[in-house]
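These are the structures in question, set out in turn.
Here chain A shows up in two complexes: once beside chain B, once beside chain C.
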Partner chain A sequence: MIGPSQTRILVEKTIKLYVGGKFIRSESGRVDRITPTRPPTDNAGADPRDIYVCRASRKDFRDAMELARKAQAGWAGRSGYNRGQILYRLAEMLEDRAEAFPVAREQVHAAVDRVVHHAGWSDKISSLLSSLNPVATAHVNYSMLRPVGVVVALPDPADGLLGMVEALSAATVMGNTVHLFVPLESGELAAALSEALATCDMPGGVVNVLTTDVTGLLEWANHHDDLDAIYLAAAAIDDDALKATQLEAARVMRRLILVDGAAQPASALTLQRLAEVKTVWMSS
Partner chain B sequence: MPLQCTESDIRRWRAASVDDMSVAARVARVRKRSIKTESKVRLLRLALSMVDLTTLEGADSPERVRGLCHKALRPHPPMPELPSCAAVCVYPTMVATARAVLGADSPVKLAAVATAFPSGQLPLALKVQEVRETVAAGADEIDMVINRGAFLSGDYARVFDEIVAIKDACGPAHLKVILETGELGTLDNVAAASRLAMAAGGDFIKTSTGKIQPAATLEVALVMFEAIREHFLETGVRVGMKPAGGIRSAKLALHYLALLAETLGADWMTNEWFRFGASSLVNDLLRQLLWRDEGYYQSPRRFSVD
Partner chain C sequence: MNDVSTKQDPRARELALAGALELSPSIEKHPVEIRPRYGHFIAGRWVEGRDEGVFETVNPATAKPLAQIAAADEAEVDAAVAAARKAYDEVWSKLSGLERGKYLFRIARRLQERAREFATLETTDNGKPIRETRDVDIPLVAAHFFYYAGWADKLEHAAAGRKVAPLGVAGQIIPWNFPLLMLAWKIAPALATGNTVVLKPAETTPLTAALFCDVLQEVGLPPGVVNIVNGAGETGAALVNHPGIDKIAFTGSTEVGRIIMRSIAGTKKKATMELGGKGANIVFADAALDQAVEGCVDGIFFNQGHVCCAGSRLLVEESIAEDFVARLRRRVSTLRIGDPLDKNTDVGAINSKDQHGMIDRYLDIAAQEGAKVWQGAACELPSTGYYHLPTILTGVQQTDTVVREEIFGPVLSVLTFRTPAEAIKKANDTEYGLACGVWSEKTSKLFRTAHALNCGVVWANGYNLFDPSSPFGGVRHSGFGREGGIAGLWPYMQEVAR
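Now for the complex of A and B:
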């Protein structure tokens, strides 16, 4: 029993990676110490204690790639309506768990609204961007969207939670699976977001959240040829890393989606960059 | 006079008592081993040369078998320096098709499953006939299944006699005896069946058909390795080993090789004495080899599907 004069010892959370629907430690065993952005809520006034964040390694990424690839067909095979429902459920979870995020409530609300925005696109974007094409022969020719596949997303760290949900909603609403690379300093934010993802009916592997040295892990992602696209906010990495990423992307014709930031939701044309256009000719 | 077994032989085979806990502990140690850099490349290439590239589906067509043979000969055409696989493993009806692609004097052996694979539930005379015809069609190796029904009901002599009869029917072909360990229930049974199969003249003992779960496991492989070592020390006769079924990753293949090296040693580390019964394993081995070679982790889409 705790006596009246004793302070309760806090049970602290290890911040793990979220991969394949599971919370796992890095295979490397490596963790980084970070200073929390706010003191524990039930122990106000106490000094914030350092917390430990798992650092995703090359092998963690490689394993996550396998799981994301496996999850991709199932996710893309769901109806747009169903994907929208799941994203909407994510919004519900974020709203409900606003307290869990180490940021101002308004920021969580902005993130929730953004998820709802993209959830709304899920069963409409395909009608907007698909087309019946005029051709000169006796064929019916139409184009439709197919997901690009497995995406790595590096949002601008300055955009915080909004940047993360913008990237993952845009990628998943188009039927892709996505690895979110989050800087170690944002570990707490990543953990709270992962917990919402884990409880929102999204199948495991559709979104993997990897806290890591993003520039370092991006280099390994560039060397993984099963990766289909990289969604990159300009401010997330320096110019050298950007150039290397562009060169490696060109090597394997990997899609690179450069965005300015998350202040505005992805336009329909940006969403189109997260898809392939498949064109079918049929004799009429 | 065919080889016969006595009551005392059977008692000796069954005297095996495998300590499950020790097996699990030893396998756990092997699983933690990590093999790196040059050793890893050597072992990946060795593993590739040990694969019995297998297709045993009802839907097997001549085209699929031809494709499989080409893949066994040249696992990845852009890298001609890679070793070819040890063998292809097909159903008896596909032997002639495979032989036509491999040629008469192929570095890739031609193995066929026979004896009413995978159940083994046919009269012995029909099994013997099947084996004779398969060898006549050009198979270098016969993968037979033991009569698990007889084994589990304690009729060891019948299992023994059947293996002896099949071995005889094989003539010059090598005989691999599939124990189907997933149906044997205990490691004690695995050890007893291994001893029986070796005593009856099997050139190889093989874990599984791949049609039953669990198929090959490291635990079962360890017990079979130990039985092979025991048999070698007693009789001086070397018997090979083939784990089959469920070995899909290069990492797992390396664990098998580590276990092999620890129990039977370097003498067994060739495709003459050790094989993997697998198909998708080849692509993962190639993926790891290319990663070492080129510094890029390949997409599985870059490799042929069988």
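Now for the complex of A and C:
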């Protein structure tokens, strides 16, 4: 029994990585004690305190790449309707779990609304941006959007939860699988987001959330030749890291999708850059 | 009918079987003027260029020089970029879309009217058969300008309703395999979207770009909207590295594409890359075989195989492989190789001595790695000029150099498969991803295969077909961005606030 004069000892949760649909510790065994940088919040019980966050390593990323690659075809192969429902379910879970996020309620609401917005694209964007091309030969010629594949996303940390959901919704609504790189300082947000992802019917491996030294892990991602694209918010990394990323991307013609930030949802043409235009000349 | 049984020479017998007739030469003689020397077209005028670094462009059919070409240095590239910037700021960005479009329509018309002249000059400078420049290259050039002309006043429709703006000055670098067609693919969408350009033709094929400048003067295009600088890699590097360039559009090898992308790392320059390929042509047992044979010939021997999307890997279903390769060899045995200006010629000259040497080196490697080399044509090779026999390699494997690397010549590797899944896996087993073909009379099989191939363009029962309304471009190491169609506008526009 705890006596009336004793304060209760808090049961602290170590924040794990979310990879392949499972919550895992880093293979490196590294757990950092972090003092989160956090704006004022109206959430009760979310007083600032140090947190323990697993730090994703190079090998964690390699493992996550394998799982994301395996998950990609299945995710892209689902109907747009189904992918839209899963993203909408993510919005439902975020709304329901708003209190789990150590941020002002309005920020959670903005994130929920953003996911709802992108969820609606899933069965529409290909109608909008595909084309039936009137070629001069006797072929039915059509161009369609295909996913670019596996994406690493670095949202602007200043965009908080909104930046994370903007990046992951834009990538996944186009049929890609995505690794979200999150700074250790935002570990609590990553944890709450991962818990929503784990309960929204999203197949494992479609979104992997890696809390890490973002610039450090990006260096390793730059050397992983199976990675198809990197989504970068302008303020996510400094100019030197951006240049290094561009230099390494040149090796394998990796696509870089540079965005300003998450204030506005990605336009149709920005979403298009998370896809490849494929043209088929079908014999008629 | 020839009585084939009486022929003693097996080759003559094969030719007779294939119905190949003796033909007298029919040489295209349309007059074209080639000036002794070309400089650079900057701000609507020709400037002579420096004497230092002058090089020759050669007629590959004869190996004789055609003209002297000046190589632009940094100062000349700077002058061209400045002219393009001035034209952008003062004229082109202020013109309405409709008026921009009307200039492009005018260009298209003049190209149509001077088509024979362009075709003859292209064949002379490049070595490709007149049949191709006359029936494919130049008609497509005019069509491309005509197509993008009509987009110039409709750009918001192409941007899903958003307001768009041009990027500014585009630096464009094109290869020698389709000189004027690549110029059209670059310039037409750039101008339609309101950009101005500095374009560098390939150093071995600068002549049709120079004649194109005549057309620009005829139609009264404002000076500086299109500037042409001649030169090789150094000129290209000066263009890529010029701080006044907003956008690089490049067609060429993946190797050079990498260099360009590294050069512009750390800048705000945008890029489109149309790079190499190692296209698979998949022939199922239920294909219309004679049609597929034609498609395979078009896929790899069109333009001497100097096509980034060439169907250089034949994947044929094992049950028909022997018969199919026999049909293919018989068809190739009827190809006429020789004077590109002869209207009977099917396969012309290799564009340069360097490229000819490269193809031979690959054939040496093929032989070393155990490939069986077969070559054929309906005639002997001419004694002068850079000619190469159409070549079919059998006994090759997925891991062989000639199966993995782009040869950019008339060399076809033959591989086999047993199931559709194996065909798709082998076709996708490459770093490239530009184009593939698939042949079957079963529509469901065509759709399933076409959609499973990891590349930018798929031809179902066809190969090497192009149209201005059809987006072209690759995935992975074949580059990014599209040329042609609505998607061909996107790389030249940016969304702006209303």
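Assume the second predicted complex is superposed on the first by the 270 of 284 C-alpha atoms of A that agree within 3 Å, B and C clash if a C-alpha of one lies under 4 Å from a C-alpha of the other, contacts with A are read in each partner's own complex, and residues count from 1 in each chain.
Throughout what follows, contacts are C-beta pairs under 8 Å (C-beta built on N, C-alpha and C of every residue); 3 or more make two chains touch, one makes a residue touch a chain.
Model, not experiment: these values are computed from the prediction.
Novice: Given the superposition on chain A, are chain B and chain C in a clash or a fit?
Specialist: fit
Novice: For A:272 in the superposed arrangement: first (chain B), second (chain C), both or neither?
Specialist: After superposition on chain A, A:272 lies in contact with chain C alone.
Novice: Quick one: is A:223 in contact with chain B, with chain C, with both, or with neither? Answer first, second, both or neither.
Specialist: first
Novice: Decide which partner touches more residues of chain A, taking chain B and chain C as the two options.
Specialist: For chain A, the partner with the higher number of touched residues is C.
Novice: Determine, under the contact definition given at the top, whether A:62 touches first (chain B), second (chain C), both, or neither.
Specialist: first
Novice: In whole Å, how close do chain B and chain C get at the C-alpha level once superposed?
Specialist: The answer is 6 Å, the least C-alpha separation in the overlay.
Novice: Write out the stretch or stretches of chain B touching chain A in their complex.
Specialist: 295-302
Novice: If you look only at chain A, which of its residues touch chain C in the complex?
Specialist: That would be residues 128-129, 131, 133-137, 139, 141, 143, 228, 239, 242-243, 246-247, 249-253, 255, 267-270, 272, 276-283 of chain A.
Novice: In the complex of these two chains, what residues of chain A are touching chain B?
Specialist: Per the touch definition, chain A meets chain B at residues 62, 223-226.
Novice: Could you please specify the touching residues of chain C with respect to chain A in the complex?
Specialist: Residues 143, 159-160, 162, 254, 257-258, 261-262, 264-266, 273, 275, 431, 446-447, 450-451, 455-462, 465, 467, 469-473, 475-480, 482, 485-487, 490, 495 of chain C touch chain A in their complex.
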